[in-house]
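Each of the next two complexes has chain A plus one other chain: chain B in the first, chain C in the second.
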Partner chain A sequence: MASTSATLNSGRLAPLAIQGTVRRRSVTFVASLVVIGLALVAACFGQLLFPNATTVNPLQTVLPVGSTGHLLGTDQLGRDVVAISVAGAASTLLGPVVIALGSMVIGTFLGLLAAFEGRWVDFAISRLTDLLLSMPMILLALVVSGIFGASYWWAVVLLIVLQCPYDTRIVRAGTIEQVTKPYVEAARLLRLSRWRIMYRHLLINIWPLERTNLLLNYANAMIAMSALSFLGVGVQEGTANWGRQLVDGEQILFQNPAASVAPAILIVLVACAVNLLGDSLNAAEREAQVR
Partner chain B sequence: MSLAVPTKSVAARAVDLSISSAAGPIVSGVSFEVPLGATLGIVGESGSGKSLTARALSGLLPSGVVASGRVGIGERAIELPGTPTAWRELRGHGVTLILQDPFTSLSPSHRCGAQIAWGLRERTAAGGRGRRLARRDVREAVARLLEDVNLSERVASRYPGELSGGMRQRVAVAAALAAGPVLMVADEPTTALDASNQRDVLELLARLQREHGMGMVLISHDLGMVRDVADEVLVMYAGRAVEHGPTSAVLDKPAHPYTAALRDSELPLAERLERLIAIPGRVPAPGERLAGCAFAPRCRFALDSCSQADVPLAPLPDGRLVACLVSSGPLEAARPRVVEETTAPATDVVLRVENLVKSFPGVLALAGVSLEVPAGGSVGIVGESGSGKTTLARCVAGLDVPDSGRLVFRELELTSRTRTVSQVQMVFQDPYSALNPKIRVGPALAEAARAAGRRIEQRSPEELLELVGLPTDYARKYPRELSGGERQRVAIARSLAPGPELLVCDESVSALDVSVQAQVLNLLTDLRSQLGLCLLFISHDLAVVRQVSDSIHVIKAGRIVESGRTHEVLGTPGHEYTRQLISALLPTVGVSVP
Partner chain C sequence: MSAEATTVAWAPAAALSASDSGKGASGAGSVEEVGVPRKRSLAEALARIILLRTAGSVVMLLVISVLIFLLTYLSPGNIITNLTGLHPPTPAVAAALRREYGLNQPLVVQYLHWLDRFVHGNWGRSMRDQTSVSQLFAGRVGVTLALVGLGFAMAVLASVPLGVIAARRAGGMLDRTISAVSVVGLSAPAFATGLLLLYVFAYLVSAFPPAGAGQGLFDDLDHLALPAATLAIGVGAYIVRLTRTAMRRELGSDYVVFARARGVSERRLTFVALRNAAIPVLTMAGLVLSYLVGATILVESTFSLPGLGLLLQESVEFKDFAVVQFLALFIAAVIAAIMLLVDLSYLVLSPEWRQRLRR
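Now for the complex of A and B:
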């Protein structure tokens, strides 16, 4: 509403300031798209570019940065750091995609149901999320790996379970705001099925919220997967995976720091790019609404 | 406390004020002057730029718009847009803003007394005395201000959430007065209030303006309200001033076709018109304005030359300013035909409401309400907010389940099992939230038509749009592309899609401009005769109910206190409460008498 958003008019500077933010936004938008695009290319075609990236070279010792033929040196198994980092993109990026999407699907289902049905359904779902939110991730991860073995996909399942209560809460809150609006009541008066109201009428209106959350979750999941790798849960030693490389490189930190630093930078870059993409999309949406 | 200044000196002045956004100009070249001790009313429909004009006077324009021109408050003036520092100084010398919604214009987490005291401190700071007010002085000053707005001293320690809408608006007025303004800008100050509160707050504003010798700018879409308190009126249309002069001349004998059309579309309380006078079309959006007189496309007097060049304000012999090529003096009021109201013959009953009771935690919303809606009839329900009229509408529509009592629809008791979509549908108040913002008009209407299943022959979205008088290509539009009136037509089309026999209209025209209100009411009347539709029309506005209802029920605190034929109940009210509601609508006599 205009009355609540009224701010002090800063005068002629206003349109310039608006143009400025638009330009800055489009720069971050393009930059984040470029980073994500490169990461995707590496994830899809990494195997083709460096077919022998993961081949262990027992004859080679750790080479430092700038060695001939190995721009960033080699790791503890004598593998080229550039090649292994490109090859590691697929394993690093795929897990978090599954986590973020899986958690969104579950969170959307539970959140919509809780907000739309209310009463005991809402109560049950809300208490379930409270329970899950109180679980300590690291401890649970160690227990799960103890029972099921330290596999990559078990780590993914675990993170979906731990992430989905956040999505449930956000979707529930966003839906509760919508559910009392007359357009939803009009849909009830037309006796549309609850599923149709939830998925045709409500979901479309909370989608911007979900999209932002999806991208945020993606960055979080990537970091969480790396953290689990660090604890030895999820990805086995020597696997081409940025999180794992970070840990493995620790042993040779002083011989070749790039073995750890390169994947660390890659994780930070992609996580930032995904977050910034989310921000730009939201800002564009808000602007479209204003017009 | 009156300021000792000559009445001729100026409270506010705007010279060539223009405001534009990225989409286009919103206000173009508006100039006016408000003497101390006088009230200027600015009237116009939504989209006329009247609210932004008011905000420009206080330097509170939203971000994304740019202003140019000159604004003066008291003896100081500022070249727009002005720096924040310059504005702070100008504001400190006496302009305050009273907003429409008393529910959001006060901070919910500060006590009312503290909020009034902020203005007092501001005044001391601007006065340059450089000394903080003693706590006791503040308390006394706050008490005086509260007394000034007819509130008890105890209100100071209350939070806004504990007060009614009318009381909150008084607190907002007290806070505005605290700064010792020379100009008070009131933007639709009573629109969000009940009729009886509206009158009180309006009288209060007029009295304070007079006692404190301030200038007041009153922004309103309600001509009656402006007529009661303003000395001069500025009529705005699509960002331009179209008529400006003394209130009695402009509003009673308008010379601009737009002002005349606004006057003609006011709904009479005393009689029922066969056809309400509406202004066709809609106010152009900032990007859509063409050259020439912006009103020309909707004007019944328009000539070819009207849309060729901009039409400036020019003085008429009687001194007022009018921007029109055609008009050279007061325009005749249109005389629509009045309907003879007689007692209708008894017909069969479509809906019978029997002893309906509904309570919410702590409130008894309906305390045993019974009424009947005859076939093809239109029944009005009037009452103030909190009277239970909306709960009644929701129970009839099936959105709320009554605690006890029966709803009988054509001999069939309505339960969640026996309800079908072809019995009762509802049109909501706010056309902005009644349509799903992400779904285009066509699919929304198609979905509603499918909802009835095979019970009725399905109407296509195009047929439904034609039924409510909209072009068929609107099927491809999103709700945000439509004006308020157009959205309400779409909402009506959607509710008609499953072929209901009874339409519940809950304040369905309250959020619309007067000219659009008349369009929608005419549409409802047409639909009644065309489709044999029954209406249950809920409203706080007696004049609206007068125009659409054959019979009327007055509801107070969940009980019906008076029922009868509309012309009889409103002509010779039997219950004290009905008389109160009617008298709140009559001109506020005595306001301008010291």
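Now for the complex of A and C:
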């Protein structure tokens, strides 16, 4: 119950209460694990699998699907679509890992601080999160990174800043429920330092909240990051990156649709898998709490 | 119907006056504060809430406007070269620009002038081709309005019934199918869905034109169908999920069980529950709105629809500050206005509040 209300308050959707049988859940669970596993393999070992994926070949620009040696044809720079899509996994999936973790760390720090200190610290942090959340993430990211000319890693930093208000809100809501509990009062009476109370006592108790939120955060970050790549922020034209491949491939949609359809399906597939995995972990967690 | 009922009736109002966020915490404090019924007339209370909430939005907008104004100054490079673009300015041009933009004055004065011009509809000229921003805006706003209107209407018309059906048959085959599809809609970024729709409906079956805006009403609709559908899939997925969650809570509550026991028809029950479910759904409107704005930019870009989103993207690419600043502030103002209306609409929708109004 605690986690549900916190999630609602945070402005995120409450997880779907999946009511299916155990078998059904395990099918979704296994399927999403397989997709994520494959994506991870591609991200880690793509370079080894297709060492020449990004080599430009002007002799075979835009071969259609089913050409000999190129199952899904080639893109506008003559690169094999299968190879470039595998190679694009790393750039598409790595940045969001950093975003999800970074925003969790910053959000935890700010949320704990706001809930524990209260008064003007809470006011300042809460209004700051309100301000950041009042504007759509994509709009802010596009304007700021476009004007400042962001590179890939600057885009990552920017998205950490834009995503951390969500975490701040969740952690703050979770902590507010905790600070009135006897164990915190006991720790205060023992005159433990505030940092010790926050990071040794409170953090352990809000950790389940954050853990279940991490995957949903990741999916969100991946969608935002690929949207920025699609809009041309953070990656150059022709980069092996699913968002960028999609916009590059759209130019040759009628010569070789696979060049843009393949990355589109990959983005949807991985984002779905991460969301579903997050949901089933959420459900499992709540079931464990009920028992 | 005494002290307790009053407290409940006041709760949404208390949350309203605080802010649209952190209901749990800020609401709790204010409920305590108004737990003792005050001797304040309804009109007065209503006016106070509307005023407070409006003031909050205005302050928020002012802060955003300062940040947007500072964009030009914080961006790398000299402001004059930013203004002139690729051509290096002659000293005379630079001096003229300084005069025109009032760059010699203190920053605060410049900001106030800028804000004054914005409020009075003098939005400056595009640095790209010197057309006035209001002209650019007028040329683009129609497409965006049509796209968002059509997309949102499609989303609501399809997803509210779907959410209700899913909630009424929670756990069943239909519910599971609807929920699974909504996960896909939530996870798929608008540009990916857009491209897949483009591939299927413009390439595989050439039912719709692939890009651009049309000419004339029917051609317009033809060109808008795929982009609007793309928008509707994402927004609809959100609304299905929100409606389902809220409806399940309502349908599981005591009043529904008792009404059913008294023999109230399922049809009537659903409508009553739906009206009550509207409030929790509305509290999440900010989320949907945020998604809608972001997705509109992506959809216009995917389908090369010459609307405001595409204008924004092009202007960012060309570092056309005047247009970027205008569009950012305009969108912020629209969002703030809609959120304000949504918050105030609780007053109308919440049964407790209606009761108070009638008294």
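Points worth noting:
One rule holds in what follows: the second predicted complex is superposed on the first by the 255 of 291 C-alpha atoms of A that agree within 3 Å, B and C clash if a C-alpha of one lies under 4 Å from a C-alpha of the other, contacts with A are read in each partner's own complex, and residues count from 1 in each chain.
In this section, contacts are C-beta pairs under 8 Å (C-beta built on N, C-alpha and C of every residue); 3 or more make two chains touch, one makes a residue touch a chain.
Keep in mind it's a predicted model, so treat the numbers as computed, not measured.
Using the contact criterion defined above for the overlaid structures, shared-chain residue A:192 touches chain B, although it does not reach chain C.
Counting the residues of chain A touched by each of chain B and chain C gives the higher count for C. In the superposition on chain A, contact is made by A:223 with chain C only, not with chain B.
In the superposed model, A:279 makes contact with chain C only, not with chain B.
Look at A:131: by the touch rule set out above, it reaches chain C but stays clear of chain B. Taken together, the two complexes place residues 5, 9, 11-12, 14, 18 of chain A in contact with chain B and also with chain C.
Interface residues of chain A, counted against chain B in their complex, comprise 1-12, 14-15, 18, 181-183, 185-192, 200-201, 204-205, 289-291. Within the complex, the chain A residues that touch chain C are 5, 9, 11-14, 16-20, 24, 126, 129-131, 133-139, 142-144, 146-149, 169, 172-173, 176, 219, 223, 226-227, 230-232, 243, 246-247, 250, 253-254, 257, 260-261, 264-265, 267-268, 271-272, 274-276, 279. Contact residues on chain C toward chain A in their complex (touch as defined above): 19-25, 60, 63-64, 71, 74-76, 170-171, 175-176, 179, 183-184, 186-193, 195-196, 198-199, 203, 210, 238, 241-242, 245, 248, 284, 286-287, 289-291, 293-294, 297-298, 301-302, 312-313, 316-317, 319, 321, 324, 328, 331-332, 335-336, 339. Interface residues of chain B, counted against chain A in their complex, comprise 22-23, 51, 55, 59-67, 80-84, 87, 99-101, 104-105, 397-399, 419-421, 424-426, 428-430, 433-439, 447-448, 451, 480, 491, 494-495, 498.
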